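Each of the next two complexes has chain A plus one more chain, namely chain B in the first and chain C in the second.
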Partner chain A sequence: MMREVDVLIVGAGPAGMSAAIRLRAAGLSVLVVDEQPAPGGQIWRAVETVAPTTTGKLLGDEYRAGQHLAAAFRASGADYEPQTQVWQIEPGWHVYKSCAGQAEVIRADQVLLATGAQERPAPFPGWTLPGVLTVGAAQILLKTSQQVPADPVWVVGSGPLPLLYMAQLVRAGGRVAGWLDTSPAGGWRRAMPYLGDVLQRFGEIRKGLGWLRELKQAGVKRIRNVQSFRALGDGKLKTLEYTVNGGGTRQVPAKVLLVHEGVVPSIHMTRALDCAHHWSDQQACLVPDVDEWGQTSLRGVYIAGDGAGIAGANAACTRGELAAIGIALQAGKLTAQRAVEQALPLREQLAGQQRLRPMLDAMYPPRASIFAPSDDTIVCRCEELTAGDIRRAAALGQPGPNQIKSFTRAGMGPCQGRQCGYTIAHILAAEQQRPVAQVGFYRIRPPLKPLTLGELASLDLDGEK
Partner chain B sequence: MFRKLHEPGAQALTLTIDGVPVRAEPGETVAAVLLRQQTAALRTTPVNESPRAPYCMMGVCFDCLAIVDGVASTQTCLVTVREGMRVERQFGKRSVLP
Partner chain C sequence: MTQAYDVVVIGGGLHGLSAALHLARRSARVLVVEKHWVGRHASGATAAGVRTLNRDRGELDLSLEALDMWHALASLVGDDCGFHPNGQICVAENAGALSKLEARVNGLRADGYTHEEMIGPAELRRLLPELSHHCLGASYTRRDGAADPHRALRAFRSSAVDAGVTLVEHCGVNALKKTGQGWLVSADGGREWSAGAIVNAAGAWSGRVAAMVGDDIPLATKSSMMMVSERLRPFIKPVVAIMGRSLSFKQSDQGTLVIGGGLQGIPDLDRETSTARMQVLAKGARSATDLFPSVRDIRIVRVWAGLEAKTDDMLPVVGPSPNAPGVFHAFGFSGHGFELVPVVGATLADLILTGKTSRPIQALDARRLMPAFAKEKSS
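Here is the complex of A and B:
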């Protein structure tokens, strides 16, 4: 028998857990599936086990706060299936998923995608060398394995996450060899128009300033006005080379290099479903169109959290609750009036939680070179294609991303364009002198995650087994 | 490349990487354990056979692929360790033949 459920939620992070709790309270049956082994999403990875430990303490109060939501989620009565990957969603809603080599299709009246974000791909020469990781990856290693780089680590990037991670690393007894701050000069000047928001939400600004102070006290070297950099090594990272505007080129030994240029919504599921999207100039990425409840252009498919545009964990919780109210309304569990009443305080709360975002977007735009990598930079990690390869293919007529995929295999490897989609779009836009919003993104097709034939064969479609 | 803040405690379990026994803690991912080894690279690519190691740790880069209990191209950042688990590095293209 095909399992049926009122609501299927993909993702057990802040948005997915918050939505599940509220949907259960409204009397709907809920199944939450998630790739990770425990609830929390990326922000609260392993929070149930780590929050009470010394590592939980050094990760900070915001991290530990996640344990309360995880506990409420566990107690909510929602079915929860971890280490499960969704690889296809079909109208009606049929959700295909795999866990431990066994595939299953589940029918759901409504689907909530709470798949969050991924770090923005930030190519540079040498970024495929072992030893180069993202800042987010290093933070996940700290949360889930209590492990830190064995040698002083180089950090290259901008935005709040590198500051937070470096502060956590220093607290843990790790060492930072240096921080190449790639944010364009004039950050505070760009933030000036948002002074009112800064004053309103000064508590959040104070946290960031606290991290900066911790780094200063720990003697972390901050190198600004970085013009270019590359990772060098034979088989693994050995040297970081960087050039500072007006300061010449330096080579320094490096074993681990961490990079970060902000985060972008996970859009593979909504692209595969052909939901409407729009281009966000502020965040330089595609964002699914959603209504006031988080419903996409497809009736019955909702998005909550960073997947509907980057706004952070606290906002994700609120957006999860709002989506739950919208879903309960559509399921006939709430009257329209009750839904509006319940949503009102949440909308006010969300406005506050999102208030600093425009300032952060203005302060920390991704470095320009990730959209215009040098010809020798690999842009498609899977197929090992360089920016030069893509530029040569771009000269053949006026191809879009899908033709580039056919010409070169870019985006055809196991990551399915998650690491090259935006870079390719920007390169094509520049070569063809048209707006990147017009160039668009690859067509995304199932399976959304690699699937073995054995898994596919294990699918029981008509209850015949 | 990475080190743990503390030694694996009483709950530690043992898995093998290319036949060599390695200690790990319950709840850790295979990719995290690989990053503590002398050779962090866990595969070479099918295209140019260049070495790769875990990059994103959240399931979106597919650079942490290895053979886990006989299943090739497993995303090791999404798999938690188990007692007796067999992990092997994978080199170049996969074959349809066992």
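Here is the complex of A and C:
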């Protein structure tokens, strides 16, 4: 017997939990599946167990705020299945998932994707060396296992997350060897047009300034205008080489290098479903088209949270609630009138929560070199292909990403192009002198998560002996 | 000004490229027009089996000639296209299946065909050491094997271009009009070419092209799904099928397992895509793990489906249009066209340049499928 549910939510982060609570209140049956062992998503990873500890304290108030939502979610009556991966969604909404090696199909009237964001892949020479990881991955280690690197870490990149992580690391007793700031010069000048927004939301700005002050007090060395850098080492990271715009090249010893160039929506599910997407110039990524309720171009498939465009955790909660209202409306649990009334205060709240985003996007554009890596830089990690390999393949006809995949195997590995998709698109756009939006993106094939043959075979009920 | 070609080939899949290559090598001026890009659909999605095993008699002789061509493919396209003649095996899991295979092989022998042979459990185990012990025997074609579809596309494409073929990608054909000397081809963006002859190698959309010249050839659409695994150590060389179940199982040069065998997704010709059905693929996974229990924990990395045309009798249409002089069809390969690529292109070149061919294509005539001619035949 196939299990059925009114609404299946993928992801138990801010958006997924908020939506579940509101959907339950509207009287719908809800199943939330999530890859992590506990609710919270990336921002509030392990919040239930960590918030009350000293680590919770040093992670800060924004982190600890998540425990209240997690508690409300636990009490909401939504079914919740952690450590579960969704690997395929088929029309009629059949959601295929696996937990502990056991696969199952669930039928759902409506599906809400609350799968959040991923860190923007930022290739540079040496980024595959052991010792190089992302700031996000390091922060997860801090949240889930209270891991502080024993050696001083180098941090490269821009945006609010490196600032927050460095502040948290310093509070936890870690050391920052240096911060290579890759954001192009003139950030505040780029932010000027948004002065009104800054004043309006000064509380949030003050947080960022607070992190900067903490770093200054801790003596963290900030090196600005970093134009390019390389990780060097034989089998593992030994040396970091960087070039400052107009300031020469230096080599420094390094054991841990953390990189970050912002986050982009996780679009693998919406791409696999063939939902309509558009290119966001501000965030240099694809964003699914959604209506005022977060419904995609497919009826009954919704997105809430950063997966529908990067806007942060608080906005994700609000968007989760709005999606829940839209879903309840479509399920006939709310009149159109009631839905509009309930949504009104949420929409005002959301406008405020999203107000600083254009300023942040303008201040912290990703460094240009991640889209134009040098020929020797590996771009497809799974198949170990360099930017040079892709440029050579780009000379045959006017290939798009899917042809490049067939020519070179780029994007055919287990990561399904999550690491190389945007880089390949930008390289092709540059070689062919056309806009990246026109070049397009890989077609995404199931399974969305690696699945064993045995797991898949277990779904063949007719073949059961 | 409208450019003139001897032949315009509609469809830049492997069959279109092969026809263009053979024609150009014999001095014809050829243009290939492709709606998307070379190998976009079936040719890029194929399992690339080079198989004479279990071929229908209607295309067997053609298929055997094609196999010889595969064994010398580098002389045609400068690359062996990753073809490894490690054999194809059709396994019997029970006595009923075994006797069906034996009956087939005996029937072939009676007519003088020796390419298929029966092998017993000992030989089967030698060829496939990790095969489950419940398998009783198999039919086997030693000279068959599999190739690399992407290498084949590259090789046929570059050989065709080197032979002087003009390739136009991202351009769909909208109309074919009879002129005094031949045909006028109208395509996207107002592009036009005149041609003495037309090759319809438009794959899943060939029925629509045929209709442009008045041929009503009923076709269905196949959307055969494939899955590929992570890389693993080399452990199997031949391609393996099972009598009575949908499975084709092999290991690629990259070490990945490639599993298919005609499991069908949901095709959508208008949107030019198909939807995978994991519930159906689960049967393929079940067959694979029943045969090779050691692959249970191997991870599937990707699943896809290719679109192609299927005829009522599962044989392709190869030959002149019944209604439109100068138009030649090559489509409807129904899931087993890859092996025929080198020979069908050569056959079309015969037909177009000399008006006849000595190759055995009698069973592939379009008229057998067309209601108008079927009526004539019965009356």
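Keep in mind that, in the parts below, the second predicted complex is superposed on the first by the 459 of 465 C-alpha atoms of A that agree within 3 Å, B and C clash if a C-alpha of one lies under 4 Å from a C-alpha of the other, contacts with A are read in each partner's own complex, and residues count from 1 in each chain.
We adopt the following convention: a residue touches a chain if its C-beta (ideal position, glycine included) is under 8 Å from a C-beta of that chain, and two chains touch if they have at least 3 such contacts.
Only a predicted model underlies this, so the values are computations on that prediction, with no experimental measurement involved.
Chemist: With both complexes superposed on chain A, which partner does A:G400 reach: first (chain B), second (chain C), both or neither?
Modeler: In the superposition, A:G400 touches chain C alone.
Chemist: Which of the two partners, first being chain B and second being chain C, lies in contact with A:D274: first, second, both, or neither?
Modeler: A:D274 sits against chain C, while chain B stays out of touch.
Chemist: Touch test for A:T249: chain B only (first), chain C only (second), both, or neither?
Modeler: neither
Chemist: In this superposed model, does chain C or chain B come into contact with more residues of chain A?
Modeler: Between chain B and chain C, B touches the greater number of residues in chain A.
Chemist: According to the stated criteria, A:E90 is in contact with first (chain B), second (chain C), both, or neither; which is it?
Modeler: After superposing on A, A:E90 lies in contact with chain C but is clear of chain B.
Chemist: A:V148 contacts which: chain B (first), chain C (second), both, neither?
Modeler: In the superposition, A:V148 touches chain B alone.
Chemist: Is A:P450 touching the first partner chain B, the second partner chain C, both, or neither of them?
Modeler: both
Chemist: With the two complexes superposed on chain A, say which partner A:T335 touches: chain B (first), chain C (second), both, or neither.
Modeler: Neither partner.
Chemist: When the two structures are overlaid on chain A, which partner does A:E119 contact: first (chain B), second (chain C), both, or neither?
Modeler: Once the two structures are laid over each other on A, A:E119 reaches chain B alone.
Chemist: Touching A:G413 in the superposition: chain B (first), chain C (second), both, neither?
Modeler: So A:G413 meets both chain B and chain C here.
Chemist: Common interface residues of chain A with chain B and chain C?
Modeler: 413-414, 450, 452
Chemist: For the complex, give me every residue of chain C touching chain A.
Modeler: 37-39, 44, 150, 153-154, 167, 169-170, 228-230, 254, 257, 259, 273, 275-279, 281-283, 285-290, 295-304
Chemist: For the complex, give me every residue of chain A touching chain C.
Modeler: 88, 90-91, 94, 96, 105, 274, 397-400, 403, 406-407, 409, 412-414, 416, 445-447, 450-454, 456-460, 462-463
Chemist: Please give the residue numbers of chain B that touch chain A in the complex, ascending.
Modeler: So the residues of chain B touching chain A come out as 1-6, 25, 27-29, 32-33, 35-36, 40-41, 45, 47-48, 50-63, 65, 71, 73, 78-80.
Chemist: In the complex formed with chain B, which residues of chain A make contact?
Modeler: The touching residues are 35-38, 42, 46, 49, 55, 83, 85, 101, 118-119, 128-134, 136-137, 140-141, 144-150, 172-173, 235-236, 255-256, 266, 381-384, 413-415, 418-419, 450, 452.
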